[in-house]
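Which chain is which? They are A, B, C, D and E, in the order written, and residues in each are numbered from 1.
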Amino acid sequence: MRLSASAKITLRVFAGLVMAAIYLPLLLVIANSFNATTSGAFPIQEFTTRWWVAAWHNEGVREALWTSLKVASVATVIALLLGSMVAFALSRYDFFGKNTINLLVVLPIALPGIVTGVALNNTFKTVLEPLGIGLGLFSVIVGHATFCIVMVFNNVQARLGRMNRGLEEAAMDMGANVVKTFFQVTFPGFRSAFVAGGLLAFALSFDEVVVTTFTAPPGTETLPIWIFNNMARPNQAPVVNVIAAVLIVASMIPVYLSQRLTGDDRK
Amino acid sequence: GCGGDASTSGSGTTGIQVPDLPMASEVGESEGQVNIIAWAGFVEDGSTNPDADWVSAFEEETKCQVNRKVGATSDEMVQLMRSGEYDLVSASGDASLRLIAGGDVAPINTELIPNFGNIVDGLKGQVYDTLNGKSYGVPIGRGANVLMYNTDHVAEAPDSWAPLWEEDTEYAGKTMAYDSPIYIADAAVYLMATQPDLGITNPYALDADQLAAAVELLKTQNGLVGEYWNDALKAVSSISSGTAHMGTGWQVIVNLAQGDGGKVESVLPKEGATGWSDTWMIAAEAKNPNCAYKWMDYASSAEVNAQISQNFGMAPANALACEGSDANAAHCETFHATDEEYYKQVWMWTTPVEQCVDGRTDVTCTNYQEWTKAWTEVKG
Amino acid sequence: MRASTASLSPATEEPALSGDAISLSSVTKSFGEFTAVKDLDLDIRSGEFFSLLGPSGSGKTTVLRMVAGFEPVTSGTIKLHGTDVTSKAPFERDVNTVFQDYALFPHLTVAQNVGYGLKLRKTPKADRERRVAEALDMVRLPQVAGRLPSQLSGGQRQRIALARALILRPQVLLLDEPLGALDKQLREQMQIELKQIQREVGITFIFVTHDQEEALTLSDRVAVFNNGNIEQVGTPEDLYERPATRFVATFLGSTNLVEGELARQLTGTDSLVSIRPERIHLAAPGTPAPEGFSSVPATIEEIVYTGPTTRYVASTATGDRLIVQEQNDSRASAASRGDAVELQWPARFNFHVS
Amino acid sequence: MAVIHETPPPPAAAVQPRNSLGDRISRMLYARPKARLTGLLLLPLGWLGVLYIGSLILLFITAFWRTDSFTSKVIPAFTLENFIEIITVPAYQQTALRTIGIALAVTVLCAALALPLGLYMAKVASPKMRAALAIGITLPLWAGYLVKVFSWRITFSSGGPLDWLLAPLGLAGPGYGTAALIITLAYLWFPYMAVPVYNAFRQIPDSLFDASSDLGAKAWSTVWTVAVPLLKPAFVAGSIFTFSLSLGDYIAAQFVGGKTQVIGTVIASNINLNPPLAAAFGTVPILVVVLYLFLARKSGALKQL
Amino acid sequence: MRASTASLSPATEEPALSGDAISLSSVTKSFGEFTAVKDLDLDIRSGEFFSLLGPSGSGKTTVLRMVAGFEPVTSGTIKLHGTDVTSKAPFERDVNTVFQDYALFPHLTVAQNVGYGLKLRKTPKADRERRVAEALDMVRLPQVAGRLPSQLSGGQRQRIALARALILRPQVLLLDEPLGALDKQLREQMQIELKQIQREVGITFIFVTHDQEEALTLSDRVAVFNNGNIEQVGTPEDLYERPATRFVATFLGSTNLVEGELARQLTGTDSLVSIRPERIHLAAPGTPAPEGFSSVPATIEEIVYTGPTTRYVASTATGDRLIVQEQNDSRASAASRGDAVELQWPARFNFHVS
């Protein structure tokens, strides 16, 4: 589209403002992790690295981080498996109820987390506990996997839709059986979408608060829950800022990865 | 006791029906672990803050490993205690009656807790933890819900809650209130002073009309209030930044705000105030009763109780926790730990139940569920 | 008639397989309600370059996919060198396919693509490498072995797809519009190469196209598809010179279809007659028709110059419009618009079509 | 006429009969598409259809139970009380309507920001700038929900960064309240709107814009008459996230909402005390979201998520 | 030579605007480092059917986009009927475009698409509806008014795009490979319709194509592009019969290019000579060359039957290979592979190209 120079400048300024609005609050958190006051008074009068030292020595964070990593990894693996399976079923087959299944996959992310959390909590306590499966790391993982499925599903389904079915036929034509065709041709074809979906699922799980609150057993604290609990704890709040700052910086890694992956696809 | 009227508190006068549960007769061998649901800062093993660690020593001493879950609200604690996963809870007054009446916690054999003897008088035998002569809780500490104000904006120290409640307040939009149904009691405390003809004698014993009056007052306040808070940090940042000029708060919030350089002061207004006191309670079907008893005694020792109360920011329950060091004494001073006169003006949180805790038998009082509904209506 | 020069048949030069490479008996394929291929019988001889020609949607690809095994038949049987393969999976059939979009594996190099089938067959590495090199030589692209398909041009991809299919030395090679995506210059060049390679390896090619010129220049025999049916099977000359149906006559090149009065004058009956425009030439008005020639007086209405040829639209006294195509060679006539002319052609080129 | 093929066939390189496990499985799978489909759907449907939907149904059933008023223990006795209550008590209605209003406002705000940004990224920015912005809008997705809520809490505090920024203009930030909540939620969910809109923008062929200006349209009328209608599915897809995530949020409301009460707050405050009432109120967002998804599916946007 | 019949020029029949519809003077267009169009001069007369012909990437579209105003020029001026429009926006230029992909708005019905330009001009509704109906009649598609573009076939879409552009009665219509996406049959039919519509409305058409046959049959004049430059401008006959460069000679149809020994024999100099295959005919060996004819003895190497013509590859004693194309008419020779023949053609068809 040919836009006038002034329109282009307006758009550019607008984009700049949006970016500023996105990043200033985050920079604020990073700045605040050096704020000497405990409540993060603004403007910052005095800077300190004391909270960073405190965070470094904080065992609770490390434990929570470890829990989060465990939960997110397992939930991601489950989501990868289930999400891909649904994606395959929906993009490769025509059957009755297809739309309903599509809706079903989207539902856990679309419904308020509190509803999902409460519902799962209720089920675990009233139905599964008598069967010996009470709240535990497992219930947290179940909760997370449930709403992570859609992330993998979306990515993989979109890719499968664009993928050339001819490649699979070509492989079979060369004599590859169904299993080999899948691993040698189909999977490489949607691998990057699979990984990108996995990354998103991981991030989603890693960041989840509400469902975790309702599905976590005693003593199980994921990183967001730790943050949530400690935000309310006056002496810990500045340490939370440090963790938040670290998270912001660390978030570059998955972004870099997913960008590289999607970049690959365009080739 | 609450409101200074001993006749309204204490054993058995309310006639509340509670399940008859046995209590422990002795403390046996350690089971190896104990599961505790507690407020943040009550059970610390140094993992969040290396300076706060009284769990490690306990584990060493008793061979009871401590599994802690931090409870965010009283409601959540009640819920979690019912899951049967926990042996102990640090219940506040607005949770304890529910637990006792629901048969979720067992009476405590205070004989088995040597440190129980050192609990300050004002915390013994309160209605929220003692029923039919049986004690259900071991006090940990207490605090009042004071009136905080930012001296940048409030020139003269107020002596009344009126600026928070009255429509013509000059602080409209700049006040802060606590976000919980139990806050209805604060309205009742104010009504007790300003509208005596309503006949409120205990802010936790409101009949339907009295509740309606409180709700009316709260709705007025809803139009005036800038925000509600339910976590301490939010309150610290609001009051010290001046987002709120005035509001309900805890002493610890005031201290933190001051520590940050905020020009914040507090008073206990003339109408009196609500407050809270927390007690250890043991689950009726505790899987680890021996470790639980050991913990209750351990946590009630002067030394540990001092640590807990200083870490959390409240008045310790053990009178001895105010001794031993200047820091201990200073802490107790700030939090009025041994000042029974001070706590006479404070109505400790108590779960409102149908049997009026003020002793009335001719009316049915409103229960906590009704309060919750009313609170939702207040916030609109 | 120059039957002996009609096709560049390799059959006289290469040892050919006897019997039918492929035989379809009453094969039907339905997609739900819709029948894409109807009760089809087709025999393709070993070593033939056989084309399936027809308009879009006529069922050519469907037939090919049934032969390859990608699409199960609804009814009927498919035999490959006499063996019934109707219910075999694609990986169990000794045919290979060159796909319209080439279907090269984008994550494998050219050499890996070409060697894929051998690797599946666990051919030893040295052997495999040798054969890959041979195959790349055959398609004249030894230098691109290490590249990814995305780094190749369209024509190169097409040749790699061919190499990948040929390396397994299948009995039959299926090609689904392999030149459809190429531009004209490249397409013509690839046509020549395809034909040469087929001669070299001597295996049966089944070639799908909707381009009649391509089918005519390349094939030993052609089947003309229409609406899921075969209208006619034959050599290019059979089809072009002696079309059996109106559809075949119009689909293969342009033709004049004449009915009624003029048809009666030409052939004595008034059924449909097809006359190819290039058979007709313009003569001066009143020129007597030579022996065995049809002759019709007409007026030139329109003249279109196309480069190598000039096309005339001439209207006859009977009200018909005939198109005449003249090559712009030394003997070209110099008629102008409005000129009266005599249209003349050997009467044996009047064909009845149904 | 060419004579065709009379010599005997060379030995055909026959396909070896193969029978590895993979081959046998393959042959079985290949012949049975229904079995393949069943295999693919069994686990996911078990998980989502039985575990998840089952849980929701159980929750729904709880909504018909009672709570003991004193112990707040659930008593499984059928009653419609909870539903009657959420329908008759004005506070519940107001809360529900307010929350829906907030969710809609967030959605509109996100869409209004995403349109010009998408236009800039897809049609004006250089490829490098485009890539940088694409990363720029997705990066905050990974930065942590609580972190972002918290940073907005600081931003909106009185005398905080926003007041500070606006002071030179003689303005002040909105302070904690509904406006702050809408802005914060819009910030949180913006990437979910911006990304599909941007992608859809990129997919609109330039020639459509050229055609529009060729036929006499100025830039803005091209945007309104060509781009916006074509972006509709992307807006709907994005709005599924912005709307339903806003509808369910209560933590942000707690931090920047001032005294704003939303559906989530009510559910959260009742979930321990009066689970049946919480469950009954929980059906409100379920109904709204399912209705929304249903409408969205009609517009074909689900495929674009 | 039949110059008078060479093209179906409307210019002599319609009242044409005098002077140049479009004139480009030293127009250059660079994309960063790369110069897509170099210092181009081009004048297109009013009422002309003018084609831009050239291989992919030669700059045809770029020129068109600069004329339409989608792409600013790097330097040079563009005039429309004498008015300098170089810095005008597209919506201020009285030209309209038919895009290669048609660029129909997918969310609007056919009638809304066609009426889009009128709506922007705030034409009253009744008037607009009437003119839309007229435009749809003109492209013979009145019945599809209510459909969405996705419900149309390729040829229908093409015609709607045409109607949408023509409804504004521009002075100049730009068409960027409008037939490129259509299959052969449809393309030929649309060519005829395009030409008819141009005659009816009598406005200047600038037509971009890379199909030489299309350019030759449709155009009054053609500009041959190569590498951002114009190689030659002229009537179809000029270009086909008298190509100025080797590029033009090979790009327009196939040709025999002869150098060295054989060129010397034919023309006396050994510079490059182009001889069109259809000019040559086969004579019996030893046949004496008629007056003014070139004659070369040769052997037939290959014969390809293409339907209307037969193509021979003949090798001469000088080692050259010449392609001879014969129409399969009544006078066709009957040479077989290996036959010795005499290749003969009028010497005036030997063209030197650079």
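We adopt the following convention: a residue touches a chain if its C-beta (ideal position, glycine included) is under 8 Å from a C-beta of that chain, and two chains touch if they have at least 3 such contacts.
The UniProt protein names, listed by chain, are A, D = ABC transporter permease; C, E = ABC transporter ATP-binding protein.
Computed from a prediction, not measured in an experiment: that's the story for all the values here.
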Item checked: Most distant chain from chain C by Cα centroid -> B
Next item on the list: Could you tell me which chain's Cα centre is nearest to the average position of every protein Cα atom shown?
Entry: D
Notebook entry, point to check: Taking each chain's centre as the mean of its CA atoms, which one is farthest from the centre of chain E?
Noted result: B
Next item on the list: Sort the chain pairs by how many C-beta pairs are in contact and tell me the top one.
Entry: A-D
Next item on the list: Please compute the C-alpha centroid of chain A (ABC transporter permease), do the same for chain E, then give the distance between them in whole Å.
Entry: 56
Note to self: Please tell me the distance, in whole Å, between the geometric centres of chain B and chain C computed from their C-alpha atoms.
What the structure shows: 91
Checklist line | Mean-CA-position distance for chain D (ABC transporter permease) and chain A (ABC transporter permease) (Å) | finding: 13
Next item on the list: Would you mind listing the residues of chain B that make contact with two or more other chains?
Entry: 234, 237, 241
Margin query: Could you pull out the residues of chain E that touch at least 2 other chains?
Written below: 69-70, 89-90
Item checked: Of all residues in chain A (ABC transporter permease), the ones touching two or more other chains -> 2, 40, 42, 175, 177-178, 180, 231
Next item on the list: Please name which positions on chain D (ABC transporter permease) make contact with chain B in the complex.
Entry: 67, 69-73, 85, 89-92, 94-95, 153-154, 157-160, 175-177, 254-255, 258-259, 261, 265-266, 269-274
Notebook entry, point to check: Along chain A (ABC transporter permease), where are the residues that touch chain C in the complex?
Noted result: 164, 166-167, 169-178, 180, 184-185, 188-189, 267
Item checked: Contacting residues of chain D (ABC transporter permease) [partner chain A (ABC transporter permease), same complex] -> 15, 18, 22-23, 25-27, 29-30, 33, 36-37, 40-41, 43-45, 47-49, 51-56, 58-59, 62, 113, 116-117, 119-121, 123-125, 131, 133-148, 150-152, 154-155, 157, 159-161, 164, 187, 190, 206, 209-210, 213, 219, 222, 240-241, 244, 247-251, 263-264, 267-268, 271, 275, 278-279, 282, 285-286, 289-290, 292-294, 297, 302, 305
Check: In their shared complex, at which residues does chain B touch chain D (ABC transporter permease)?
Finding: 73, 75-76, 78-79, 82, 98, 101-104, 173, 181, 222, 225-228, 230, 234, 237-238, 241-244, 353-354, 367-370, 372-373, 375-377, 379-380
Checklist line | Residue ranges of chain E touching chain D (ABC transporter permease) (in the complex, touch as defined) | finding: 65, 68-70, 89-91, 95-97, 99-101, 103-107, 116-117, 120-121, 164-165, 168
